[in-house]
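Same chain, two partners: chain A is paired with chain B first, then with chain C.
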Partner chain A sequence: MKYIPTIGVECHVQLCTKTKLFSEVDNDARGKEPNSCVSPVDYALPGMLPRLNGEAIRFAILAGKAMNCKINNYSRFDRKHYFYPDSPKGYQITQFYHPIIGEGYVDLPSGERVRIEHAHLEGDAGKLTHFDKYSLVDLNRVDTPLIEIVSMPDIHSAKDAHDYCKELWRLMCFTGVTNGDLYNGNMRFDVNTSIAPEGSNELGTRTEVKNLNSFRSVERAIEYEIARQTKVLKSGEKVIQETRGWNDATGKTTGQRSKEEAKDYRYMPEPDLPPINLTQEFIDTEAAKLPMMPSEYKAKFAGIIADDTLEVLLDYPELMKKLGEISAGDDSSETVSREPYEASEESEPRDGEREQTLSKKNVSALKLLSNLFASVLLAEEKSAEYLNDLPTAMELSELAEMNEKKELSSTATKEVFLRLFDPQMKGRGTKNIAKELGLIQENDLDALEAIVDTVLAKPETQKAQDDFRNGEEKVIGFLVGQVMKESHGKANPSAVQEILRKKLK
Partner chain B sequence: MKVANQKVTAERLVRDALEKAKHFADYNIFTFLNEEGAIKKAKEIDAKIARGEKVGRLAGVPYALKDNFLSPEGQTTASAHILEGFVSPITSTAVEKLEAEGAIMIGRTNMDAFAHGSSTENSYFGPTLNACDKNCVAGGSSGGSAVAVALDIVEFATGTDTGGSIRQPASFNGVYGLKPTYGTISRYGVVAMASSTDCIGFFTKTPDDMDLLMDIASGQDPKDLTTLPDYYGLANVSNSSFETVSREPYEASEESEPRDGGRERTWSRMENCRIGIIKDFDNESVRPEIRQALKNKIESLKSKGHEIVELEMPTLKYALAAYYIIVPAEIASNLSRYDGIRYGFRSEKAEDLNALYKNTRSEGFMPENKRRIMIGNFVLSSGFYDAYFLKAAKARTLIVKEYEKAFEKCDFILTPVSPNPAFKLGEKVNDPVAMYLEDMMSVSLNLAGLPGLAIPTGKTESGLALGLQLVGPRRSDKSLIEFSKELI
Partner chain C sequence: MDIKREDILHLANLSDFSLSDAEIESLGEDLQGIIRYISQLEELDTDGIEPTYQVFEMENVWREDEIKPQDASREQLLALTKEEKDNQIKVPKVL
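Coming up: the complex of A and B.
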C-alpha cells in the first residue's frame, strides 16, 4: 500500500525590532553578556506590567502582507502558562484567541501553494545551558518578539516542506523583519507529519518534531518520520500522537512527550494589555512600505540574470536590493551622490533617449554585477562581513560602465570590485580606486599608437616584426607584451593588437 | 492635613508619627518602620523650607504604605513569606508621585498575604487588630493601612482594592476609603493580585484629603497600559447626566481612546441629586444596625432635597460567583512568577527543579493563596474554560450593563460596604465561604470598574465602626468625594 504524507509547519521568526516586545530594553543581544539585556518587566519582578512595542505591530503587518495574509483590525494577547526557568513570568504572552495575522498563502518555486492558517505575535523564552549538576539561565532572549506562522497541512513531501521553509525565510528576510540568521535560531521550525493510505479521506495520526533550525534538518526529519511511520503502519501497529526530538548527528527522531503527557497551558486573556485596534488606514499605510519580494525580483530580472545565478542571489536580500537600485539607475535618491561622477560623462543624453540608454547600460551592468556578486563576492572569506555594508549603487554602476568602456580589463574589474568592499578603501569612488591601483587601461588610440611606434622603433622588436610579416602569427603576443610593458600595463591589449596588425600589414 | 511649614517641621511630624506607631505596636499595624529613612527625608524638607524653597503639597506629611507597593525602602513582601528578603530596585508610580509632593513613608503596613482576604488574618506576620475593638479583625486586605489612619498615626495610607480591600477595612475602622475608577491610578510597581480588578486607592480622615491625594496620584502612566487618559479634576463637559462608557474593564484604555481631557460631570452645587438604593441589599442577612444607618442617611438626604430612587439590580447576585472565578484565575496567573528562582524565598529542599518549584511554593504561600491558585487553575483548565471563566466573563459584562442602566436613573448609589461590622478574630478563618460572603456588596464595583467610597457612618452600640458605600459611574470619582460631604 502506498502512503501519502501530509505535513504542516509552524515557524517561529525572531523580529529584529530595536527593543523587546514588552519592554524598552535592547532586543539585539548578539555578542552581549548573558542577562545584560533584561528589564524588570522581562525579569518579572512583582508589579511589573508589559508595554507593547509598536514596531513589532508594524513588522507583523509587513510579515503578514509578504504572505498575502489578511491583517486583523482587532487582535489581543493571551497568557500561556507553564513553569520553567526560561519563563520568568510563569507564562508566555502570546495571541491564542485573536491573532494579528489572518489567512493567507505562500507560493513555492514548484508552483505548489501552501495556505497560511494564521500567524501571531508572542514573546520568546530565555535560554538554559545545562551542566552536570546545575543549569544556567540567560534571560537576554526573553520577550524578543516572535511571529509564529502556522501553515495549513498542504504539504505532501519533505522536499516541498524544505522549499516552503526556505521560501518563508526568503520572504521574512526580504521584508527586513528578521536578521534571518538560522544558525543563531532567528527562525525555527516545528513540523507536523502524518501519513495516510493513498485515496484515504482521513489524515493519519501526526507527530510533531520541534525546534528544527535548518531547511536541511526539516527535510531530513520529515523523510525520517515518513519512513518510520510507514514502517510502524506496515507492521500493523499504530502511530502515537507525540512530540519528537530531532538529532542531527544520528539523523533520527526520538519520542519526547505523548498526547497524554501534553501540558495544559491554561490560556487566559492577558488583562494587562488592552486589545490592539488597528484602523484600516494604518494597516494600508504600513503595508504600502512592503519592499520588493523575491517573486517580483524574479519577474523583473528574468532573461537578464541567469536563473541559477538568480537562485543563488535570492538568498541575499541585500544584494537583490542593490541590483534593484542599479536597475532603477536614475533613482532620485541618488542624484546627489551621483553628481561628481556625472561631470566626467561626455554629454547628457536627451530625455527620451535617456531611458533607452540607461536600460541598455543597466542590462549589461546587471549581468556583470550579478556575476561578480555570485562568483566573486560570495566566494570571499569575508563575504558575510562585506554584505553588511555594500558599496553604493553608483559605485557599482560606475564599475560596470568602466568595464563596458574597456577602461578596466576583466581581471582589473574584479580587483576594483573587491576593493569597493574593503573598509579601508570605502567611499573613495570607483574611479579613484582604479586610478590609485593603476588599473585603468589606455584606450586613447593616438596615445596607444605613439607607444606602439616607440616599441616598433626598438631594435629588439625588429626580428619579431619580420617574423610576423612572414606569417608567424603567434609572435604578435610578444609584441603586445612589449607594448604593455612600455605602457606600464595600462594599455588595452585588444586595442594594441589591432593597431599592431594595422601597422605590420 | 497637617503639612510641614515654618512653624511645624517635617521632622516633628515624622517623629510624632513614628512615636505613635511604636505606642500602638500591639495592634501589629506595621511590617516595617522606616525610622532612619523617614527622618532623613524630613530633614531634607525642613532644610528646603528654611531656605525658602518651594515644597510639595504633601511636604513632610507622614503616611503609611501598604506592603504591596514597591519601593526601595524596606522589604516589599506583600506580607507573604515567599517574598521574604525582597528589596525592590523599583519605585511604584503611585509612591513616586506622592513623594514628589513631599510625603514621607514612615512604615509599611500589614495585609493579607498578596491581598487575599477580608480580615488581615492571612498575613505571614499575623493579624492586625481593629482600631475600635482589639478583639476584632481590622478587615482586609488593607487592614494595617486602615488602622494606621484610624488610630491617627498617619495622615493617610495607601491601599489596594481588588474586591473591597480598601472599602471594607475603612468601614471596619471608621475612616474614608476610596476605590477609584479602574485605571485612574497606575498599577505599575504594585504587587498584582487580579490585573483586571486591582485598583490603587487611599485611606483618609476627610473627603478633602482624599480629593488632594487623588489629584496627585491619578493620571495616565505609559508604564501601565490600562490607565485611563487623565480626567481627575479636569473641567466638565456638560451638566447633563454622566457619560456612560460601555466597555469591558479589559479594554479600559485602548489607543483609540480620545484624549479629550475630562469628561466628568463636575458638580457646581450638590443639589437635587438622585440617590439609588438597591432593594436586594435590604434583607435579613444584613445586620440591623447597618440597615438602620442606611435608613437614617436616606432620611437625611431627603431632607436636604435629594431624591431617593429604588433600584432593581437582579444580576448583582451573580457578582460574587463571577468574582470568585475571574479573580482566582488572574491570581493563579499573576502568582506564577513566584518560583524561588530569581528573588524572594527559596525552599531548602530543592534537590531538583520540580522539588524547587513545589517546595518553594508550598512553603512560601499561605493557605488562602493556595486555595485561590487551585481555584484559578481549575477554572482555566482545558475543558473547563468555557464553563467557568468564559461564563463568568459574560456575567461580568451583564453587571457592567446593569450598572449603566442604573446610572440612567440615578446619580449615585448608596449601599452598605459589607453585611456586618468587624467580626471577632478567628471567627471566620476556617470558613472561607463565610469570609467570601463579606465581599458580596463590594465586589461588583470591581467587576464593573466603578468608583466606590467608604464613608464612616457612626458606631454600633458596642462601639464598632459602621460604614456606607457611595458608588458612582466611571470617572465620577471627584463628584463622589464631593457628594460624600452631604452625608456627614
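Coming up: the complex of A and C.
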C-alpha cells in the first residue's frame, strides 16, 4: 500500500527589535555574558508588570504582509502556564485566542502553495544548559519577541517542507524583522508529520519533531519520520502521537519521555496587557513599508540575471536590495543612492518604479554585478563582514560602466570590485581607486598606435613580424604581449591587436 | 463539579508542588468553595455577550523600542537565587 505524508510546520522567528517584548532591556545578547540582558520583569520579580514593545507590533504587520496574511485589527495576549526553569514567571505570554496575524499563504518556488493558519506574537524562553547533576539557567533570551507561524497541513513531501522553511526564512530576512541567523536559533522549526493510505479521507496519527534549526535537518527528520511511520503501519502496529527529538549525528528521531497530560496549559487572558486594537489606517501605513520581496525581485530580474545566480543571491537580502537600487538608478547620483525603503515611505507608487523598463546600461551593469556578487564577493573569506557595509550603488554602477567602456579589463574589474569593500580604500570612488592602482586601460587609439610603433621598431620583434606576415597567426599573441609590457599593462589588448593587424598587412 | 483528590494532585504536579495530606485536604475544600461560587455565576445567561478580559477599557498601550538602564543589576538578581554558578542560576537537573 502506498502512503501519502501530510506535514505541517510551526516556525518560531526571533525578532531583531532593540528591546525585548515586555521589558526595556537589550534584546541583542550576541556575545554578551549570561544573565546580563535581564530586567526584573524577565526575572518575574513580584509586582513587575510587562510593557509591550510597539516595534514588535510593526514587525508583526510586516511579517504578516510578507506571507499575504490578513492583519487582525483586534488581538490580545494570554498566559500559557507550564513549570520549567526556563520561565521564571511560570507561564509564557502568547496570543492563544486572538493572534495578530490571520490567514495567508506562502508560495514555494515549485509552485505549491502552503496556507498559513495564523501567526502570533509571544515571548521566548530562557536557555538551559544541562550538566550531569544540574542545569544552568541563562535568562538573556527570556521574552525576546517571537512570531510563531503556523502552517496548514498542506505539505506532502520532505523536500517541499525544506523549501517552505527556506522560503519563510527568505521572507523574514527580506522584511528585516529578524537577523535570520539559523545557527544561533533565530528561526526554529517544529514539524508535524503523519502518513495515510493513498485515497484515504482521514489523516494518520501525527508525531511532532521540535526545535529543528536548519532546512536540511527539517528535510532529513521528515524523511526519517515518513520511513519510520511506514514501517510501523506495515507491521500492523499503530503510530503513537508523541513529541520526538531529532539527532543530527545519528539521523534519527527518538520518542521523548513527556509528562502525562503535559499539554494542560491552563490558558487565561493576560490581565497585565491591554488588548491591541489597530486602526486600518495604522495597519496600511505600516504595511506600506514592506520592502521588495524575493518573488518581486525574481520577476524583475528574470531574463537579466541567470536563474542559478539569482537563486544564490536571493539568500542575501542586502545584495538584492543593492541590485534593486542599481536597477532603479539613472544618471543622477541622487536617484542611484536612494534606498528603496525611503522611496516607499515617501508614498511614491512602488508599482510605477517596478514597471520602469531597464535601460541597456542598467541591464549590463546588473549582469556584471550579479556575477561579481555571486562568484567573487561570496567567495571571499570576509564576505560576511563585507555584506554589512556594501559600496554605494553609484560606486558599483561606475565600476560596471568602466568595464563596459573597456577602461577596465575583466581582471582589473574584479580587482577594483574587491577594493571597493576594502576598509583601507572605502569611499574613495571607483575611478580614483582604479587610477591609484594603475588599472585603467589605455583606449586612446593615437596613444596606443605610438606604443605599437615603438614595439615594432624594436629589433627583437622583427622575426615575429616576418613570421606573422608569412601566415603564422599565433605570433600575434607575442606581439600583443610586447605592447602590453611596453604600456605597463594598461593597453586594451583587443584594441592593440586590431592596430597590429592593420600595421602588419 | 466536585474536586477530587486526583485533581489536586494533578494541579500540584503541573506546578511542581509537593503537598502533604493535610494540605491536599484543605486545598480541596478551598477549591470546592471557589467552584461553588463560580457555578453560582454560571447560572446567569451570558449567551451572545463578549467575555470581559479587563475592566479598565484601555487598549493599544505600548512603548517605544528604546533600551533603558535597569534598576537591578545582574548581581542583585542572582543574589536572589538559591544557588548560582558562572553567573547563571543553578537548578536541579530537569528531565
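Everything that follows uses one rule, which is that the second predicted complex is superposed on the first by the 471 of 505 C-alpha atoms of A that agree within 3 Å, B and C clash if a C-alpha of one lies under 4 Å from a C-alpha of the other, contacts with A are read in each partner's own complex, and residues count from 1 in each chain.
The working rule: contacts are C-beta pairs under 8 Å (C-beta built on N, C-alpha and C of every residue); 3 or more make two chains touch, one makes a residue touch a chain.
Here the structure is a predicted model, which means the values were calculated and not measured.
J.: So in the superposed three-chain picture, is A:S36 touching just chain B, just chain C, both, or none of them (first/second/both/neither)?
T.: Touch partner of A:S36: chain C, not chain B.
J.: Output check: A:F131 vs chain B and chain C. Expected answer is one of first, second, both, neither. What do you get?
T.: Once the two structures are laid over each other on A, A:F131 reaches chain C alone.
J.: Looking at A:A306 after the superposition, I want to know if it touches chain B, chain C, both of them or none. Which is it: first, second, both, neither?
T.: A:A306 contacts neither chain B nor chain C.
J.: In this superposed model, does chain C or chain B come into contact with more residues of chain A?
T.: C
J.: State whether A:N277 touches chain B only (first), chain C only (second), both chains, or neither.
T.: Touch partners of A:N277: chain B and chain C.
J.: Touch test for A:L49: chain B only (first), chain C only (second), both, or neither?
T.: A:L49 sits against chain B, while chain C stays out of touch.
J.: A:T19 in the overlay: touching chain B, chain C, both, or neither? Say first, second, both or neither.
T.: Second partner only, chain C.
J.: Give one of first, second, both or neither to describe whether A:L378 is in contact with chain B, with chain C, with both, or with none.
T.: Touch partners of A:L378: none, neither chain B nor chain C.
J.: Answer with first, second, both or neither: which of chain B and chain C does A:I57 touch in the superposed model?
T.: Second partner only, chain C.
J.: State whether A:Y91 touches chain B only (first), chain C only (second), both chains, or neither.
T.: First partner only.
J.: Just which bits of chain A does chain B share with chain C as contact spots?
T.: 40, 43, 45, 51-52, 81, 83, 85, 90, 137, 264, 266, 269, 271, 273-277.
J.: Enumerate the contact residues on chain C facing chain A in the complex.
T.: 10, 13-16, 51, 53-54, 56, 58-68, 70-72, 74, 77-78, 80, 85-95
J.: What residues of chain A sit close enough to touch chain C in their complex?
T.: 17-19, 24-26, 33-36, 38-40, 43, 45, 51-57, 76, 81-85, 90, 128-139, 257, 259, 261, 264, 266, 269, 271, 273-278
J.: Applying the document's contact rule, which stretches of chain A touch chain B when the two form their complex?
T.: 40, 43-52, 79, 81, 83, 85, 88-91, 137, 264-269, 271-277
J.: Which residues of chain B touch chain A in their complex?
T.: 68-70, 76, 78, 83, 86, 88-90, 92, 187-192, 194-196, 222-226, 250-256, 329-330, 332-333, 335-337, 339, 341-343, 353, 357, 377, 380-382, 385, 389
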